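Just passing along the structure, written as structure tokens.
Per-chain residue numbering starts at 1, and chain names A, B, C, D and E are given in the order in which the chains are listed.
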Amino acid sequence: MHEPQTLVPATETKMTARDVKVFYGEKQAIKGVSIDVDMDNVTAFIGPSGCGKSTFLRTLNRMNDTVASARTEGTITLDGEDIYAPSMDVVQLRARVGMVFQKPNPFPKSIYENIAYGPRIHGLAHGKADLDVIVEKSLRRAGLWDEVKDRLHDSGTALSGGQQQRLCIGRAIAVEPEVILMDEPCSALDPIATAKIEELIHELRGRYAIVIVTHNMQQAARVSQRTAFFHLGELVEYGVTSDIFTNPKQERTKDYITGRYG
Amino acid sequence: MTATRTPTDWKSDAMRKRIARRYAAERRFKLAGLFAVLLSAAFLAFLLFTMLGNGLRGFTRTEIAVKIDFPASPLLLDPNAITDQSLANANLPMVTGETVKKALGADAEEWVSSTAWTVLRDRIKADPKILSRTETIALPASTAIDLAAKSNASPEAEAAVDRLNKAGLLSTGINWNFLSASDGTDPTQVGIWGAFKGSLLTMLVTLALSFPIGVATALYLEEYARKNWLTDIIEVSINNLAAVPSIIFGLLGLSIFLNFLHLPRSAALVGGMTLALMTMPVIVIAGRNAIKSVPPSIRDAALGIGASPVQVVFHHVLPLALPGILTGTIIGMARALGETAPLLMIGMRAFIATPPGGITDPATVLPVQIFLWSDEVSKGFVEKTSAAIIVLLVFLLAMNGLAIYLRNKFEKRW
Amino acid sequence: MTGPAILLLLAGLGAIAWVSARARALRLQTAARASGRRDAVHSLPGYHGWYVALWTLIPAAIFLAVWANVAPGLITQDVLSSPAAQSLPTDDFSRSAILGEARAIATGKQAGAFNPLSQGLVDPYKAATGKYGMAGAALALVLAFAGGAYAFTRVRPDFRARTRVERLVMAMLLIASLLAIITTLGIVASLLWESFRFFSMVNPIDFLFGTKWSPQSAAMGYGNEDAFGAVPLFWGTIFIGAIIAMIVAIPLGLMSAIYLTQYAQPRVRKWMKPILEVLAGVPTVVYGYFAALTIAPALRDFAVAIGIHSASSESALAAGLVMGVMIIPFVSSMADDSIAAVPQSMRDGSLAMGATTSETIRKVLIPAALPGVVGGVLLAVSRAIGETMIVVMAAGLSANLTLNPFASVTTVTTQIVQLLTGDQEFDSAKTLAAFALGLVLFIVTLLLNIVALRVVKKYREAYE
Amino acid sequence: GCGDQSSGGGAGGTRDQIRAVGSSTVYPFATAIAEMFVQGNPGMKSPIIESTGTGGGMKLFCAGVGAQYPDIENASRRIKKSEFEDCQKNGVKDIIEIQVGVDGLAFAEAKNGPGLKLTPKIVYEALAANPYGKGPNKAETWKDVDPSLPATPISVFGPPSTSGTRDSLAELILTKGCETDPAMKALKEKSEDEFKATCTRVREDGKYVDSGENDNLIVQKLGANPNALGVFGYSFLEENKDTLKDVTINGVEATYETVSTGKYPGARALYIYVKKAHMTAIPGLQAFLNTFASNWNPDGALTKRGMVAAPDDVRKASAETVKSLAVLDGSQLK
Amino acid sequence: MHEPQTLVPATETKMTARDVKVFYGEKQAIKGVSIDVDMDNVTAFIGPSGCGKSTFLRTLNRMNDTVASARTEGTITLDGEDIYAPSMDVVQLRARVGMVFQKPNPFPKSIYENIAYGPRIHGLAHGKADLDVIVEKSLRRAGLWDEVKDRLHDSGTALSGGQQQRLCIGRAIAVEPEVILMDEPCSALDPIATAKIEELIHELRGRYAIVIVTHNMQQAARVSQRTAFFHLGELVEYGVTSDIFTNPKQERTKDYITGRYG
């Protein structure tokens, strides 16, 4: 198991959210959340079920647009650009802000095609050889290459749960995004697979801005440098991970972390 | 492995162009979809409007008011002893012709429908005392006059209409007879009720057989059958039956239901059974797709608390698959409702002037009636054909409406 | 006793059996449950009820079905031996006509006698009917009681009534699916004999591989050679049904389904889907007139305008286009259902990669929904192959082996219908050809389906 | 028991309804008679008339005697020997043949058509597959056939080869046209088969269009295509005089008189066949035949519906048959 | 969080498995496993992904029967009866041995109907009032009552992930099974919901024999008294939980527990 991580002085703020509110129809799911995501630190979102972690995460790459009833207010920027501005191109935004879902969702295509999908639609590869290189590199980074290199043309759905999740991470990496959002990427995985993915997060850190939602506080402590604690759609506390876990400022955070909550 | 890639430059010109192209493709695709929907809908609208344009006139008829002086007419009837037979013997057609001539002029016999005398007969039957009075009776106009009054026809007919209009003898009313009568040979007197009832009975038989059997087959194949040669044979047979031309089902119905089982010819029962064989594969195929898309986790959940396989299916899988099954049922039944070819072989392409009383009585169905009328010599049948098509479409809409209501009711997301 | 009465009585008995068995099971089970182990009780009382009710009803019902077929014979036998029957004519048909009439009068279906002889037979008929009716009813009741009693004695707390009842349900499901095989066999059987006779007149090789179809040759008695080459018909079927109609139906149907599931408001989809389904139910005569009188002349004028002077007013294109419109719902509804059934996570996965909606649809949703889409297309092709009216009216009846869509072609089914409904005598090669065509078409589609099953089995992909 | 003699088909052992099957050409006349029969015989159920085609009807008709088999066959041609034998084999021994009328064969074109004037010879030369056995027909326009005609392309909508109307076309027009050539007459003596093939086979290159059984459709198509010629039942011409005009044959116009007297060359006999064994068993069958007989005269109801009355002597003979129920002698059939 | 549990002397052995082998087609997934499950102790199955935990769990209530390719050998008894004997009624067996799946799978029916379904098909309730009592009791035991008591007729699928899982547990309890099998019941849950379910397991212990599969070793330590460690289809070690975690006998177990594995 890994040691808790120490905060690196942020060099570059990648994304900012200011007073973000999300409504599902009448119901408000996010109540004015402001957060900064930087390149060099991993940000973890924790909080009880239904507090709005996933919802907030999905506002960061506008995946909430696909939910008919969802409505977002406030400003979110990526490199200073407002991502909800009409001039913002959603397709490009999503390519720049990749996402890994809680439940692994490989396409019912071959492993190779799963990875190649993104580079193909974005025209990142020039020719087959180039694509092969991208696929190999992405699978290597996702820690899956050795396990699947001999069966790249098997279906992605034929892999075990942990492998599927790594495939999805590889798929997200393949388009070289700038930010990676992960929604409970390890909840379906055993400790070994989890450890692999955590290792991967460490490796990716610094190259990508990473946001991870997790239920597992140990995991949050292990992989993140900043932690945001959500409760009932509010951002209760946001700060350096080690502070949050050892010295929470808010009573609610403390109660949650020590399990006295609910 | 090559050197680490530089992060993608999303702002580059090439990338911008590419995105613009992709958006253009996206718009084109969406427009293509919209175009497809609108085009299909436009076809339907065109067909419907054409039918309505031609057919609505079929629901009205032109009548000529004729003053009839019964005592003076050459009718040999005793008002106190009116029977069907005495009416039949009274040579009413001739009497009607003479009376009309007397009232409207020498060439007027051609103006009233050749079956106008049945109106007189019914009046006399309803009230024998009429025989001692003079009475103005609205007689249905002949096809020529009817057409001339509604649109345009031969100059002679137009002239006659003008004359009648001037005299104020012409009236147009809703042709209730069209909804209540059955097949006949005079377009002014025919009705759709017999064929409608035949279609109704036939569809009931079809639905009662094909729906349960189709659903049972789909359930068996998807849920219980082991994957072995028998299942393969069943699967292939069903897919193949969907591709068998309907006339062949007619041949099958002829040889099995009529020649082997000796069921009555021309009956809704046999028609329904034949069409059921044709409809069943459609329901099975759609049903299997629907059952397949019920998530396995639901089955596990039910099995896990001790539901038997039969309970799992009837309590959980079937209700969830029902919308898809109903889709299959809708298109299968729609096809059966419009089918004529197989019915030909089992004797339903026939002149049947009395509405069927039950599923074993001789009957015909709406599409056959439409087909027969479309081939009639008399021009008066043109609008009747269109009117019958409207009735068929209304039937279809009602049938679909019911199924769609059910489908929407059961459509659930999980 | 009359039929409906005895059925009603049986239904009543069944209901009583259900209620009493259920009550008994409930009582016994409550006792058993109170006294001990869980597995002392097996099935719900309702299942015991059904078990006993089925035992009460099924044997009696089977008996009645048999009896209904045997009894009339016995009754007639009885009537024939009555004195009034001695004066009946010997000729079978008049005799049975009189007997039938007497029976109709006896059962109240007919008021008066058309044939005076039948009046005398009414009373013997009534007597015999009464006698055998009573006998049948009594036997049925005895059977019902025996079955019910046997089953009733088996009601015990741990009796596995549910298993038995479910076994019957399963048997019924199996029987339902066997019906498909029976129908298939029935079709083969009803085509085989006549086809055989046809092939004894016409060489099967000439039939299957001949490229000239000219049934007038045979019909008018010019001999069979060169007359029955079925290739142009099969080509016409493929040309109209599987090529032209599909060129219309697949894009329109699939794009409609895509638009409705992916782009349109749910409310629009709810309305448009059923509206499109109406297209499948418009009678084909309507399509036929539409094709023949609106589309075909327009196409011919168009063809002439672009320089194809041989264009005929009957064209494969006209029939195919209209047929394509007719089968749009087969493609659109089935595709709609299966696209809607692709899990949302697939769609999210693709969108989150930065794919546009159309890329997601083309590259992820359609491949995942392919089995359903293909199923719909197959149904559509099947429907197109079976269509006759549109072809007769718009594509004509001449069997041309041509690639020109503006030429007149004809299809297998159309020829079958024409041959069967024509005025030619039924035992000529000409009419029998209809059966042979049907059989060959049947076998061809059967083979295609076997191949399709193999292929589908190999490439079936699951996404859950 | 030996089965139930009184059961089989229908409700009960007998039918109280007349059933007729057969030709779609006779169908409209039979239905008209059915209607009049019910009106004249209140209490009788309406007969059921099926339109199956003559051939299919014969098959049903000859399948046997009994309630499940039809009583009457409507035929647009005479019964064939093979069919008669089939009947005999199945116990349908006594068949009554009644000619009920004549179906006119009319040639017509659109009102604004070129106004063709035809003769059997021209029709033959325009439509034959192999005119006079001299090789495939190359005529493209009417002018190619006869210089007096306009140069409009040949395009004829007519009955399909399965139809009885097509037989009439072959017999009444094509054969006559063909026989104008003495060589063909000689051929007839030599080889009946070859003669028939040469004289009645119709070209299949799209100039002659088989048009199904739906004559209304031909009427409509003619309206849309002024250069085309249609061949169909006389009644359709009469009903559609406002959009169509007749085409003279040998200078004779198609009118009721010319057709019924046979001056207009297209006319064929229509028959009904009745099972004698059913006469006593099916209520109303005799009355039905009587209704037919009283309506087939030149001023009768059938002619109002477009049928052409048979010549006097034929009508007289038929009326006699209805009375005497004389049975058909199979030996004279072909 | 709870203290590690101590073993209670077993009073009654509920289920035994002897030399159980499971094959998926040609592939052997379980290679001769023998285990006892008793009433008073919670048994936990741990092991890396794909080692056969779920497969073995599913043999205990014959859910593997539903997998066409699966074949089971060996003997498994419930109260001394062989559950694979032909005379055993599978349906009744599954009612006695309840199961909670990894992925919450409520029926798309109302919350009430979800719970009531089992009692209904097994005839456990006499009348509506009785059923109401069962539903309330089960939901209370599953720790869900307070959250849903006002919307019993909402759909079960409209609940949050954690609530759905508790609903499934409630559904399993409602038929009063003798054994409850839980396949990673907490993997989708946040710590609070997890704690609730762990509490529930404590409460249920003694009343039902409980077997739980988990990836979370802390959880295994918290809730179970016996732990079985699986690896590649073999039962590597089976014993008292505290022993396994503090003093594993096998090298492989030790490696896994200390995370040095894989």
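In the analysis below, a residue touches a chain if its C-beta (ideal position, glycine included) is under 8 Å from a C-beta of that chain, and two chains touch if they have at least 3 such contacts.
Keep in mind that this is a model prediction, so the values were computed, not measured.
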{"item": "Set of chains adjacent to chain A and to chain D", "value": "B, C"}
{"item": "Chain at maximum distance from chain E, centres defined as averaged CA atoms", "value": "D"}
{"item": "From chain C, the most remote chain by mean C-alpha position", "value": "A"}
{"item": "Inter-chain centre distance, chain D versus chain E - centres from mean C-alpha coordinates, in Å", "value": "82"}
{"item": "Gap in Å, rounded to a whole number, between the CA centres of chain B and chain A", "value": "58"}
{"item": "Between chain A and chain E, centroid-to-centroid distance (C-alpha), Å", "value": "31"}
{"item": "Whole-Å gap between the CA centroids of chain B and chain C", "value": "18"}
{"item": "Contacts with 2+ other chains: residues of chain D", "value": "7-8, 11, 24, 52, 213-214"}
{"item": "Per-residue multi-chain contacts in chain B, two or more chains", "value": "22-23, 295, 308, 344, 374"}
{"item": "Contacts with 2+ other chains: residues of chain C", "value": "162-163, 289, 356, 359, 420-421"}
{"item": "In contact (per the touch rule at the top): chain pairs", "value": "A-B, A-C, A-E, B-C, B-D, B-E, C-D, C-E"}
{"item": "Complex contacts: residues of chain D adjacent to chain B", "value": "7-11, 17, 19, 21, 24, 27-28, 30-32, 34-35, 38-43, 45-52, 68, 213-216, 233, 235-236, 239-242, 301, 304-306"}
{"item": "Partner chain E, residues of chain C touching it in the complex", "value": "29, 38-39, 41-42, 44-45, 160, 162-163"}
{"item": "Residues of chain E that touch chain B when the two form their complex", "value": "61, 63, 66, 68, 91-96, 98-101, 103, 105-108, 117-118, 121-122, 157, 168, 171-172, 174-175"}
{"item": "Complex contacts: residues of chain C adjacent to chain D", "value": "70, 72-77, 91-101, 103-104, 107, 109-110, 114-115, 214-217, 219-223, 288-289, 292-293, 297, 310, 312-314, 392-393, 396-398, 400, 407-408, 418-428, 430-431"}
{"item": "Residues of chain A that touch chain B when the two form their complex", "value": "89, 91-92, 95-96, 121-124, 133-134, 136-137, 140, 175-176, 178"}
